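In the two assemblies presented below, chain A is common to both, partnered first by chain B and then by chain C.
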Partner chain A sequence: MASPAFLAMSRFRRRRYEECVDLCSEILAENPYDKAIWLLKTQALTAMTFIDDSDLEELGIADAVMDDNATASMPRPGTSLNGDNASGKGSSLDRVMRPMSNAGRPNSGFVRPSTQNGMRPGTGETPGSRAALESAMRKTGSSRPGTSRPVTALGRHVRLGTASMRAESDGPFIDVSRMDLQKYAHRPTLARALCEFLLYHDHNARKALELAAEATSACNFEDWFWKSRLGKCYYLLGLYRDAEQQFKSSLRTQQSVDTFLDLGKVYLRLDQPQNALDAYAQALEAFPGSTAVLTAKARTYEMMRDGDQSLRAFKDVLRHDPSHVEAIASLGAHYFYSDQPEIALRFYRRLLEITQSTESASGSARSYASTELWNNVALCCFHSGQYDMTMRCFENALASADDSNMADVWFNVGHVGVSLGDLGFAYQCFKVAVSIDPQHVEAYNNLGVLEVRKGNQEDAAADFAQARSAGSFAYEPCFNGALLAYKRGDFPTSLRLAEASRVLFSDHPETLELVEMLRAKLV
Partner chain B sequence: METKTAEKSGNERQQLWLDAWFDPVVNLHAFSGGICLAQDKLLVGDLSGALKVFHNGKVQASIRLNAVPSAVCSYAETAASGDGPGPTLVAVACGPSVKIFRNLKPYFKFTVPAAKISQAETDIWNKLSSGSIEVGRACAMLREQSNVSQRSLDLLALETDPDRQQRFLAEELDAAALAEPLPSCITCMGVLPKRDRKDESEGSPCEGTLVLGTESRKILFLDAQSRQVVKTVTLESVPVYIAISGSKDVEYRVVVACRDSRIYSIRNGDLVRNCIEMESPICGGLVRIGRDIIFACVDKTLHSYHVKGRKNWSLSLPEGITNLTAFRCARRGAEGCLVALRSGEVRLYVDKTLMGSIAPPKAGVSVTGMVFGQFSREQDALVSLYTSGAVSVKMLKRTAVLDASKAPEPGPPPEQDIPLAVPKKTKLYVEQTQREREQAVEMHRSFQHGLCKLRYLTASSYLRLFQTAGVANAQLYTSSHHHVGRADDRKPRLNMSVAVLGLGPQFRVTFDIENLAAIPLRGASASLSFDREHFHVDAPFLELPALIPQASQSFHIDLHALVPGTESPPLQLCIVKEPATLLVAEVQMPIVEV
Partner chain C sequence: MDDGTSTSGGVGKLTSMLRRDYKECLRLIETQLKSCDGMCEYPLYVKGLILRGQGKVQEALELFQAATLLNPSNHANLKQVGKCLFLLGKHSASIDVLDEAMLCARREDWEIQHNKGLCFMFLKEYEKALEAFQTANSIQRHDSTFVEMGKIYTATGDLKRAIEVYLEALEFSPDNPELLTTVGLLYLRDGENFKAFEYLGNSLTRDPRNPKTILAAGSVIQDHSDMDVALVKYRVAAVKTPNSAQLWNNIGMCFFGKARHVAAIACLKRSLYLDPFQWITAHNLGLVFMHTTQYASAFHYLSTSINLKPSFAASYMYLAIVLSRLEDAESAVAAYEKALQLDPDDPVCHLNFASTLHNIGERERARAQFQSYTILCSRMTSDERRALMETCAELHTQVSKMLQVN
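Our next item is the complex of A and B:
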């Protein structure tokens, strides 16, 4: 019989955290002052709820709307993540080539928190205005109920913290409010574990900040760990400038990948992508070939809509880690949208192999992201002429789809219907898509086009209007609506919609032509 | 970037010309044929029926003509003694006659001899005068005739205006008038020089004789005194534009554009057998440059043909062409043509290279007539009249570069030659197409099988929508363009979008309803069904006002959530009009955050 303490450590190493925590609880019940076991339990609890926070988390409504860090409303090109929609021209992220996500950004190959929702409210809305608030609210309220955005980014952490606390049966393991943090600050090992616990288990940034502040002064401001944790706490509390200072100071003492990534995150929050890229470049000098840094770099380029650079970085990532899911997915998306579906197919098949092998290894019944993956494979097959595989893949996608992505699959099936020339089939698909997701902008837009072909102009106008109200990021419904109004002789409406389309996509040649024509007629 | 360079070169081009005289309120209206430059005078046959003579920017004389002038020419009278040119004459073609002025005083009038009227036409007129047939019938019969006299043409032209037609008939049906055939109208006029004028001093008008084109499809050559017709050439159609080159003493060629979109040429008095036939009517004018003929068609094209009929080039212009005039700049040895577009822009083409353009004085006006030539002391002047009645005289800059070889490359912009970054077809793709070729039958079969299954799946999902009534105005897609919806316009059709506002515990369900039918919908109501455990609603039932077609109206219902932090069952919002439920929308509520 092994010693319980050894067993607990062994379980911790084998990542059987729950068993480890149980065992530790037993030992601690006997001897509450066993510091080693206390440390082990803290670490196990932290590891259980640990999340990879190296990626930019999504922005809460209040963060987005009441943002006072925004500096320039008209940034110079290439210096901001909120650049106008026209940038990315000529690259694979060109608006004409690649559809837009809900957030009004080019669709990325890999869904991350920040690709789901807009970084900040639309450029037309001044932060803090009623319209901006309402649009942000609408996004939470109506677009995808159930997966609403938190009010603030910190709010989500609070929620996570309470959730992890509730999981414990007999009160919280560590009651921070009654703790003497100063005492812990002088015990570096315990303090570190406690700090991580506060950050990743309790999500209590305020207390963690207190502890880190005590600890860093206790070690004469020389420990890089405390400085980087201070930075993290400041970041979570929204004090980006302080966070930047701490991270920089920490990096001067000791360079580490995490700190570089955190620093990059701070710059991205401050809307300074060039600084973030500089930070990543420094990181790559210190840690060449770090996939985490390379991925962060690629993501940043993607957010800046620099498709070519992003592609290069993702290729770099893949060179160092051949089974990096995000890189494979992004490259697949890139090749698909740059008219090489046969190569995209290779990437997606590779992904399918990876997910299926992990699936069989973990024994779970359903692999992650398989709906989207099947859907993408189907589309690649269809466009590269492998027709025999297409329909089977779509069936797989539909079979594994849930409410969140089924509408998109139907939309794509509808597209295949349009390509086949079977408009009745396409019409049904789009109708099914909008019945599942009443906010599916693209499906409404395509329904409108089909209605125009049928000759039902009123229905088409209603569909376009619906598409416009469902999402303010797509220019197609505006342009189509404008064209329809023009054909019906309603020039003022047409001009209004064409102007709206021009705001959304200032380089769309057809829109510009229509606006000019209408101006000549009306003015 | 690209637009900037284009603008720059556009500016350079405009600097070819200097403004000499511009008068926006001179109120001149004439076509190119009605403008003539005679030494220091500008002669305009104004459409108000007057010959206006301008000198030094002022009206020197205005001579009433009692008819609308169709062409104005100036030439030197052939001196009786035969040495040197005589005094300058101005010929104005009005209706069927040419009025010739000498020193701006009426000198002589030549009237085109009337053509013999065919027997069939005479019969029709006789019947009409005796009243045995009515006007409409007569017109129909006249239209069937291949070649009718001027009188018949006038009658047919008045067909749309019965009152004037009756008045015309009352005048013309007089037996005495009928006996005398009406002379036909002059459509165009040119001067055939007597001898080659290479050695002569520029500017002074040359001796010449008049050449007339008439409505009776004839080209008439007059003698030196313009007393009688020397030669008559009959064409197949009515001439509209005339261009003359060469000289009577040596060799000459008259090129005529006709209303049948053909260009005929007459060489030394004989009609050349081959002609140039265009697909669309010729407009704007006809220009002879060297051995080339340049003309425009109404399909916005500019063409150049060799005089013998071989095509040189044709250009497609962005807008319709209103006028065309020859550009001959002897000092710089440049020859070309000036083209006025519908937008009012005037372009200078040397060969087929665009050398420059002149913007219109203001937007919306275009050129009605223009002439290039020597005006007063200025050798290269362009006189143009605009639709607004303005007149503008421009001089060619002395520093203007008119070398076609130095001009920017014509044709498509250089950007067009840069290939698009279309990725090459990969080896993988080639392999896959190979597979497609080899296993085409199996692939097709498999695809059709899959498609069939998917169609079935779609149709059944679509059917389920009807059954759950979750989709508004679901209807079967018929690919025919025939409008099915009209018949059931009386049936209410609604479109609704629902949104939930708020963070909780107070929520507001807002819904916009649009009536898609053609008639207003009255007496409808909205009701919200909800779980009483989770929500409290003060007024779950809402009487809707009349819903007007094609207008979106917004309503709201307020909710109070009772249980925070949990997911609640979806609400159902129904739009009801007794006895039927029109629409049901399911609303998923967000989790109460606060």
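Our next item is the complex of A and C:
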């Protein structure tokens, strides 16, 4: 029989954290003052709830609406993440070529928290306005998956915190409120573990800040670790300027990839993407070929809607890590939307191979993201002329789909119907899509277009109106509605809708032409 | 309120209106309306004009109606009520009001007649609309009236009359690029490419960046197989309308003409991505794939084209050729028959049909098809025959040899 302490450590190293924690609890029950075991348990608990926080998290409603961190309300082009909604022209991020997510941003190839909800509420709205709040609330209430946001940015952390508390049956392991943090601050090893525990397990940024402040003064402000942790705490508390200072000072003492990423995150939150890119460039000088930094760079370019640069960065990522899922997916999406479905197909096939090999390795019945993947493979097959594969891939996608993504698959099947000229089939597909997801803007819009072709103007107008009420991010239903109203001779409605379309997509030549014509009529 | 203030208020209003300073103008109007309890006609009228310009037509209508109540004899008010009703889509009500305005007016007014014509147009009573427009023109000639008349003739399919109307308008204002473009387009539809190009070129010298004109002119140039010049023209248009499906279609066909099939396919596919309902693009894509001997893809796009536009005979013929290459003789014959049913006077179709029939061993029917082909050829003028021989001389000699030898 091995020593229990050794067994616990072995389990920790084998990443069997739960068993490790159980064993540690037993040992601690016998000897509550065993520091080594206490340290081990703290680390095990932290590792259980650890999340990769190097990516920008979603913004809560309150943060989004009362956001006053961005300095310029009318930023110069290329200096803001809220950039002009018409930019990205010529690249694969062009609005006409690539559909929008319901945050009013181009669809990304890979879903992350910040791509779904957008950095800040819709581009046409000023922060703090009533409309912004309403749209943020509506996004919460809509039935689309991935859109429910917490009320504040800390919301997710608080939720995670409560979730990890609940898991412990006999009260919290460490009761921070009764702890003498100053005492711990002079024991560097214990203090570090405790700080990580507070940040990643308890999600108690305030206490972690206290500890970090004590510790950093205890070591004469010379330890990069404490400075970077201070920055993290400040970031979580929303004190971005303080966070920036701490990260920078930490980097002066010791450069590390994590700190660079955190610094970039602060700049992005402050809506200063250029500074973030500078930070990443420094990081790449110190750590050439770090995929984490390269990915962050690519994401930033994508958020700035600079398709070409983002593409280059993702390619760099792939050069250093050939099985980087996000890079493969993003490149696939890029090639698909720039008229090269054959190449996109190769990327998606590679993804399919990766997921299937991990699936067979782990033996789980359901591989992750397979619905979306099959759907994308099907679309690529269809557009590159491999018709025999298309429907089989869609069948695969539908077989593994659930309510959250089935509507999108049907929508795409409908598109294939349109491309085949089989409009009856397409109509039915779009109907199925809206029956699954009554908020599916694109499907309603396309139903409207099909109705116009059939000559049912009333039904078409109703469909466009439904599409507009389901989501305010797409310009298509506005423009189509305006055009329909114009043809029917209802000029005021047409002008209203055309103006709405222009707000959403200020460079759309057809909208501009329509507005001009209407203005001439009304004067 | 004495006369002095009223005129100065009126002048202030006018100048601010001329300067398009509507905010200031509305403020002046409000003070004046307050001072006379809203019982003043002219401020109401001007406010109505401003609101209508901002798209608030319903509110403008109410203001004009109020002005009419104050002074029922002024036809200007009634005229604006009629126009508002028209803008709101209440066409028959608008006609009634405009008739009333005509009775009030002491002299004839072209605008009333013009608006009446527009209302009739939306009600699809084209005869009456034309009548109204003609009266309007006899009072005073305006480009817009001519344009509307032209639209009616185009809608009823009377291209010759439409062209006449536009030419009349051009006499009146020879420098209007839009009129020139429209005339050019109509000649193009009528098949008079040379005249069309003349007008389109004229229009381009006045407005060299209009994407519509460039597209039309480019297509004429393309028809004369001058692909490089057409591509240069399209490059100008692409800056303004980068997402125009028609533009990409034409660019694709330019590349096809230069035998650069891959570029052609890419452009046509982009066009189809932007507008999946364009049957002609699907048809073109089918043709290109046929040339690259990718018959399955060609079949796919041709069948799409037929689904969207079942009445285009050439699509069936190409479909039949593709099917025969895919060795589905039965369907190929059916497709040929359908094509001939739609357009029995197409010699090329008869010739292709004969070739296919011969290849599957039906010599008798092949000979019959070849015969109808020769009959159709003999009816042609020498120019037409030469053009035909340019395209299918090889096939002609092949088929005739095969059938003669047997």
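Convention: the second predicted complex is superposed on the first by the 517 of 523 C-alpha atoms of A that agree within 3 Å, B and C clash if a C-alpha of one lies under 4 Å from a C-alpha of the other, contacts with A are read in each partner's own complex, and residues count from 1 in each chain.
Following the convention adopted for this analysis, a contact is a pair of C-beta atoms (placed from the backbone, for glycine too) under 8 Å apart; a residue touches a chain by one contact, two chains touch by 3 or more.
Computed from a predicted structure; not experimentally measured.
Enquirer: When the two structures are laid over each other on chain A, do chain B and chain C clash or fit?
Expert: Verdict on chain A: clash between chain B and chain C.
Enquirer: Residues of chain A touched by chain B versus by chain C: which partner has the larger set?
Expert: Touching more of chain A: B.
Enquirer: If you stack the two complexes on chain A, which partner ends up touching A:G385: first (chain B), second (chain C), both, or neither?
Expert: A:G385 sits against chain B and chain C alike.
Enquirer: Which partner does A:Y427 contact after superposing on A: first (chain B), second (chain C), both, neither?
Expert: In the superposition, A:Y427 touches chain B alone.
Enquirer: Looking at the overlay, what does A:P492 touch: chain B (first), chain C (second), both, or neither?
Expert: second
Enquirer: Does chain B (first) or chain C (second) touch A:P32, or do both, or does neither?
Expert: Neither chain B nor chain C is touched by A:P32.
Enquirer: Looking at A:D339, would you say it contacts chain B, chain C, both, or neither? Reply first, second, both or neither.
Expert: So A:D339 meets both chain B and chain C here.
Enquirer: Show which residues of chain A both chain B and chain C reach, each in its own complex.
Expert: 90, 339, 385, 387, 420, 422-423, 453
Enquirer: Which chain B residues qualify as touching chain A in the complex?
Expert: 421-423, 426, 428-429, 432-433, 435-436, 442-444, 446-447, 449-451, 453-455, 457-459, 461-462, 465, 470-471, 473-474, 476-479, 481-483, 485, 495, 497-503, 512, 514, 516, 550, 552, 567, 585, 587-591, 593
Enquirer: Over in the complex, which chain A residues touch chain B? Could you list them?
Expert: On the chain A side, the touching residues are 90, 134, 137-138, 140-142, 145-146, 148, 150-151, 155, 338-340, 342-343, 346, 384-388, 390-392, 394-395, 398, 410, 413, 420, 422-425, 427-429, 431-432, 434-435, 438, 450, 453-456, 458-459, 462, 465-466, 469-470.
Enquirer: Which of the residues in chain A come into contact with chain C in the complex?
Expert: 89-90, 94, 96-97, 339, 383, 385, 387, 415, 418-423, 453, 488-492, 495-496, 499, 509, 518-519, 521-523
Enquirer: Where on chain C does chain A make contact in their complex?
Expert: Contacts found on chain C: 49, 52-53, 55-58, 86-89, 91, 122, 211, 240-243, 266, 269-270, 272-274, 276-277, 279, 282, 294, 296-297, 300, 303-308.
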